[in-house]
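Listed below are the structures to be examined.
Each of the two complexes below includes subunit A, the first together with subunit B, the second together with subunit C.
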Partner chain A sequence: MNLTKSFYLLLSLTIFSGPVLAQTPEERGLEIAREVKQRDFGWADMQAEMLMVLRNKQGEESVREIRIKSLEQEGDGDKSLTIFDKPLDVKGTAFLSFSHPLEADDQWLYLPALKRVKRISSRNKSGPFMGSEFAYEDLSSFEIEKYSYKYIRDESCEGGTCFVVEQYPVDKDSGYTRRVAWIDQDQYRVWKVEFYDRKNSLLKTLNFKGYQQYLDKYWRADLQQMINHQTGKSTDLKWSGYQFRVGLNDSDFNKNTLKRAR
Partner chain B sequence: MKEKLFAVVLRHPVLILLACLVLTVLATVGGKNLVFKSDYRVFFSEENPQLVAYESIQNIFNKSDNVAFIVIPADGDIYTPEHLQLLRQITTDAWQIPYSTRVDSIANYQHTWAEEDDMIVEDLVSEGQPLDPSALDRIREIVNTEPILLNKIASVKGQVSLVNVTVQMPMIDPVAEVPEVVARVREIQQKYMAENPGLEIKLSGIVMMNNSFAESALKDNATLIPIMFGVVVLTMLVLLRTFSGTFSTVIIIAASIAAAMGLAGWSGMFLTGPSASAPTMILTLAVADCIHILSTMFYEMRRGIAKRDALLDSLRINFQPVMLTSVTTAIGFLSMNFSDSPPFRDLGNIVAVGVMLAFLFSITLFPALLMVLPVRVRKTREEDRDWTRSLAAFVTSKRRILLPGMSVFMLLLIAFLPMNQLNDDFVKYFDTSVPFRQATDYMQDNLSGMTMMEISIDSGESSGINDPAFLKKLGVFSDWLRSQPETDHVSTLTDTLRRLNKNMHGDDQSYYRLPEDRELSAQYLLLYEMSLPYGLDLNNQLNVDKSSVRVVGTFKNLTSNELVSLEERVQNWFARNAPEYQVQTTGPNLMFAHISQRNIKSMLSGIALALVLISLLLGFALRSVRFGLISLLPNLAPAAMGFGLWYLIDGQVGLGLSVVAGMTLGIVVDDTVHFLSKYLYARRHRDADSVAAVQYAFGSVGRALWITTFVLVCGFMVLAQSSFKLNADMGFLTALTILIALVVDFLFLPPLLMVFDKTKIETPATTSQGVER
Partner chain C sequence: MCKRVWLSGLSVLLLSGSAAADEVFFEYSGRLSGELQGYFHEGQFNGQGYHSNASLALEPELYWEFNGGNDSVVFTPFYRLDQRDDERTHGDIRELSWIHVGDDWELRSGLRKVFWGVTEFNHLVDVINQTDAVEDSDGEDKLGQPMVNLSLVRDWGIVDLFVLPGFRERSFAGHEGRTRSGLVVDTANVRYEAGDGDQHIDTAVRWSQSFDLFDVGLYWFNGTNRDPRLEAALIQGKPVLVPVYEQMDQIGFDGQATLDSWLWKLELLWRDTPSDRYSAMQAGVEYSFYGVSDTTTDVGVLVEYGWDERGIDADTIFQNDLFLGSRIALNDAASTEFLVGLGYDLDFDSRSLFLEASSRFGERWKLSLDARLFDARDNRDLMVNIEQDDLLQLTADYYF
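After this line comes the complex of A and B, so read on.
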């Protein structure tokens, strides 16, 4: 009875509000992106530990240990501070980045062996982060204006039913022509992303595993697995010790205090 | 059994025609599976140690297959605003080449410099950068002082530069991938050459080489096979004067080739450079069977015997020798299965099948065709009788001079054999008519050669490449390698680190040296890695663990021996100066440098086995152990003499030649079989002494041997015209060996027989079905 009622409701909605509901796939994609951003907004600051495991086609493995602190920014890319613990010869190296959706990021690196902070000026968004299969642009915060969108279809995925959305980078220094993301319809979490290189062939696939909810709102995956299909290399990011709202502020993300970052 | 077969063939020729047609078509359909695999790796078996080492290095670092655009401006100056912009555009377009993972040119070279505490990393020729004379001078200055670029990407004189594209083909469908890449590469080449009159773009690199394997082989087949058919038709028309016979022979050859290639397709083989020469070889070898059957038949018909009876007689007489020679030829080709290089195994198997098919067709389809077609013979003078007779007279009268004379001559030639040098320079597999060869020669003359050696040095500990002791030795080694006379370019991590150290100290030139602190070096590298854009990272030089580095040396085009000796010098350098590190030297050139030696070793056992089998067959056929043994000399000597003569002609033995001895063994045996069987027939059944028997043998098979040798030599000489040197050399030396074999059979074997065969031969009882019949 109830079911029939809602069916009729749905039917009438479809018929009568047809013109209103008739979104283009582009509008639908943008709407999904807005919802993703909106649901993940407001965490203010966070810190976590990250274990990075690099593998090559021969099966050789290499591990890096990193701590990351982030400060949420409204209307711009987030600020982040990365402190390297392993390998030991880069221990204490600290990387400060103010990411920007459409321009080159501002980046500084503190080299303890040289006891100097160096500003990096380059167009390296597309470049690999610490020799891994993750590019900077894969790790920086999600901002709506970074891409234009197109909703493709619904598809079942690990997180239930997913929207499949294509995202086209706006920044011409991006290494991709498009990304295809699988976003679950329940919580708007990203479960899988496929990356297509500048000649539009499949370059990498990123899978998200072990989502956990923090502060009853923000979902973070414990494991991100990236596979490069062209080189046979892969990188796993294993996250732990997530802490939100620990009271970080702009003074913790300052090139002048970078030396003291621990 | 065979009588029944002949009866059926001659009674129901149409039926046989149809049956053969159906079977041939069924086999030929398999040809649709036959595709060309354009990859130099096909030359190596999966267990080849050099290939295994190379593949593992490629898995640890990145693959280094490449396409090199050699861009030559009309005015001979690459440092003009227009040309630099052009290089920039080509670089951008090159990213669109399928499977490209990296593009290097002077335009996108990641130039680093310091500005106070800023480390600036940007394209050497960046977008929108004003290219005024001072900017041009700066770019020229940077290129000319940067060891990464100089002599590799840009020439010292500044008249040519490369856009080098690294390509990682997934190798899921190599048959389609290489042409796909090449099509796009040529599109870019054509586009820029059309838009910029006077600009020249040449194409080199491993991918272009792979493509040339296919293109030159296919081009060969399109020209050489028709030429060879022409030679066969002409020879037969002139020497045998028969249209129907010639036509039928052409049908037999075509059916043998089509069915053999079709069966190769059914068996799942790929075509490769060497195996693509199979049709020409089958064509050449199949002719002999038909000539033997035709000439006996005509001989009988001239004596007034009806066509059908003449044909039956011919089949009876020739069945055994044709079968025997086909089997021995097939065994010779099957010996190529011992080759370490799969394409030669395929070639051997395809030709062996083709030869056996040709035998089957020539005793079924061939007589059936001759029955259906009109065959007339003109009464002709037997003009050549005198020719063979005078040769026989000469050989018998001069035998006391000929035997020692020929022995000395043979030994002399054989003495040159060990002086041949093994050499496989894959660039020279292609003659100078092939665009890839032209481009690579140009590159060698103006930039650097295509000979490369990848040297991976393992420090043995995680992050160990940052150890100052390791870096110091790496630096010394790189300088040592650079100072070798054959070196054009060395790509090494120490150049990058020296530059970074300088950048980190405000571009102070006195800091252009290696960091002396492990942390410093690790942190420089981290900084550098973090500033590089997509596709221009250090992954092609460092492994993920930073425990190994890869140094790539580029050298002038070297012979295999020179390269192997350079490899030894490199290994010795490390044994003496840095024994604590694990060093591996690999690369396509080194793989080819070792392959001939490996292949010759593996072929030796194949040849030995073939020799044993063939000798056993001969012993049975001749029903004499003694003559089986005597036949060893004229069977083995021609190949050895051929290689001796080859030293005087060329002196470089490569992969293609390493299979010639096995291949020719089965062919040259035929002459000996025919000659010896006629000789023995005369000795046993005509009570002739050795001199008279020699004269009889000359009289009955001299002309046939001469004609078949002529056809064989022509056929392999046609193959020798191939633009693919591997096949050309193989064809030439085979032709040479076959010709020598005839000389040996005519001038050495008879005197040998007359000297060693003085005892009266025991007449075997009534069983008179020798080979000779």
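After this line comes the complex of A and C, so read on.
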């Protein structure tokens, strides 16, 4: 009986003092999110080009060409400048955003035909970006405070073994009840995200392909494929020309730079 | 064709190194626009006895960037060919300007276009550029204005200093044109208050800043009033209207509060001319419903009010007017959008309605269908002149 007693004692000690076993799935999920964010911090500034290929159910394609400049902010969301090259009727349109983890983002749109800068409402989180299957919220920077978390299980994935984590948007304007993300345990890269709509049925799946490492630290996927299961439409987002630490600073992100961005 | 050509200027010719700074980036793009106008009635004045009009406009844009992106030059000529109106057949240099960018300043010189303001139904405080009034009745088309503009970016806001050498006269519909009054404006006999006429050098200074949810701008303008006084005259025995451009001082304010889905907008103007001293206001609110009934459609609702201290004597049609509007965006791949607006004059009971619908076809075409309807109820209202000019307009834009 002594042996059993010590076994139980040992077990209870492990349960109450062991950091791993004591963690709830919620704590584990948050810890993974923190690790994702922490491993991706410090890139300072970057610019890249993106090509969006929109496909409808019949397979007809239309194309968007966009350039993005971003500036990392410590203790706040990123600043970004987005410039539209295609379709040609919106060429020269540019978008300036100061994102914040919890408060509404500050957003301005420049309309080249009128030379007009318009401050716009950032409430439209769930709307489609440029008619694509990506919502605005799918393209905004990942901030820990934007979700609550729950670790579900481990599962093998393209990146090796993945954590499967549920993410519940804090913002009531989000178009989702939850996202399920597959994050590899080796490098904490996101390989797949499933989006569940407000009725909690599967809406979209996003797959990440062709990860490349920049500055020996930061991983970026060359291709993001979004499929909408409810409409049969899809959007491929192809990234190119990634450049980090090109020397952008706050003075590259204001209404003057917005007006001459092109 | 949208071409991106990298020329390695001198360094190529001399076969020497350090190409980066000498590289010139050149880009060519533009728009060709065909327009068909159908008028519901023949016009009420001589020369307006037709129901349809066709027109073609070309606006190419040439752009150069050099000195590592710190200098750029843009050239945007414009030409319109109109079937009916010789005055609407016209050309302009919308932009021919050079921008030099420094650390916290930029210098913009040449013919340029500048927009100030926040409201949608009337652009009250937008003063720098002259209106190209033959283009459309919405007043949003502008003529290129010669300027030197130094823009300073500071923590407490952006300050823009303007020196505006040379004045642009407003374009007016000719004898065969629509949306004019009974008397044709004779731009050949234009008069100026200033001795140096259209060579008067205007100046302006504007400060603008964003405070969290609030965007504000305040300016002072001194120079030639863009809005002419129209005086009846007999020129060679013919009664005409002669535009008279006075000197003015103007202070303008624009502000917007962006609160969740609400946009609160205010434009205030105070203008001092030899013939008048008055204030005016355009104020309103816009609310947006995003993703209505589980679709991707956004619906915006706008209400605006325009007021002018001069009341029914004002030479504007926005003296005591209420506006209701709605903006509907389907957010589809073709960017289909609808805009509808209703104006109601509280003094004269007159109404106006406009509808705008547009959609993209393929990668290079955009089709727009516009309607403008006018219903004037009072002979003192300036709108009686255009009451017979109800219009349906189809525009096909080709982008290259």
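In the analysis below, the second predicted complex is superposed on the first by the 239 of 262 C-alpha atoms of A that agree within 3 Å, B and C clash if a C-alpha of one lies under 4 Å from a C-alpha of the other, contacts with A are read in each partner's own complex, and residues count from 1 in each chain.
Please note the rule applied: a residue touches a chain if its C-beta (ideal position, glycine included) is under 8 Å from a C-beta of that chain, and two chains touch if they have at least 3 such contacts.
Every value quoted in this text rests on a predicted model; they were computed, and no experiment measured them.
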{"item": "Partner chain(s) touched by A:R34 [first = subunit B, second = subunit C, both, neither]", "value": "neither"}
{"item": "Subunit B versus subunit C as contact partner of A:S201, first or second or both or neither", "value": "first"}
{"item": "Contacts of A:G175 with subunit B and subunit C, given as first, second, both or neither", "value": "both"}
{"item": "Most subunit A residues touched (candidates subunit B, subunit C)", "value": "B"}
{"item": "Touched partner set for A:R119, first subunit B, second subunit C, both or neither", "value": "both"}
{"item": "First (subunit B), second (subunit C), both or neither touched by A:D106", "value": "second"}
{"item": "Touching partner for A:G131 - first (subunit B), second (subunit C), both, neither", "value": "both"}
{"item": "Which of subunit B and subunit C A:N256 touches, first, second, both or neither", "value": "second"}
{"item": "Which superposed partner A:K217 touches (first subunit B, second subunit C, both, neither)", "value": "neither"}
{"item": "Touching partner for A:R245 - first (subunit B), second (subunit C), both, neither", "value": "neither"}
{"item": "Overlap of subunit C and subunit B interfaces on subunit A (superposed complexes)", "value": "54, 56, 62, 87-90, 114, 116-121, 123-124, 126-128, 130-131, 173, 175, 198"}
{"item": "In the complex with subunit A, residue positions of subunit B that touch it", "value": "56, 59-60, 62-63, 95-101, 117-122, 168, 170, 462-463, 466, 504, 517-524, 526-527, 529-539, 542-546"}
{"item": "Parts of subunit A lying in touch with subunit B, wherever the complex brings them together", "value": "54-58, 60-62, 84, 87-90, 93, 95, 107, 109, 111-114, 116-131, 135, 173, 175, 197-199, 201, 229-233"}
{"item": "Of subunit C, residues touching subunit A in the complex", "value": "2, 29, 63, 72, 99, 101, 103-104, 106, 113-115, 117-118, 140, 151, 153, 158, 208, 210, 212-213, 215, 256, 258, 260-263, 288, 290-291, 294, 296, 298, 331-335, 360, 363-364, 366, 397, 399-400"}
{"item": "Subunit A residues within the subunit C interface of the complex", "value": "54, 56, 62-63, 86-91, 104, 106, 114-121, 123-124, 126-128, 130-132, 173, 175, 198, 251, 254-256, 260, 262"}
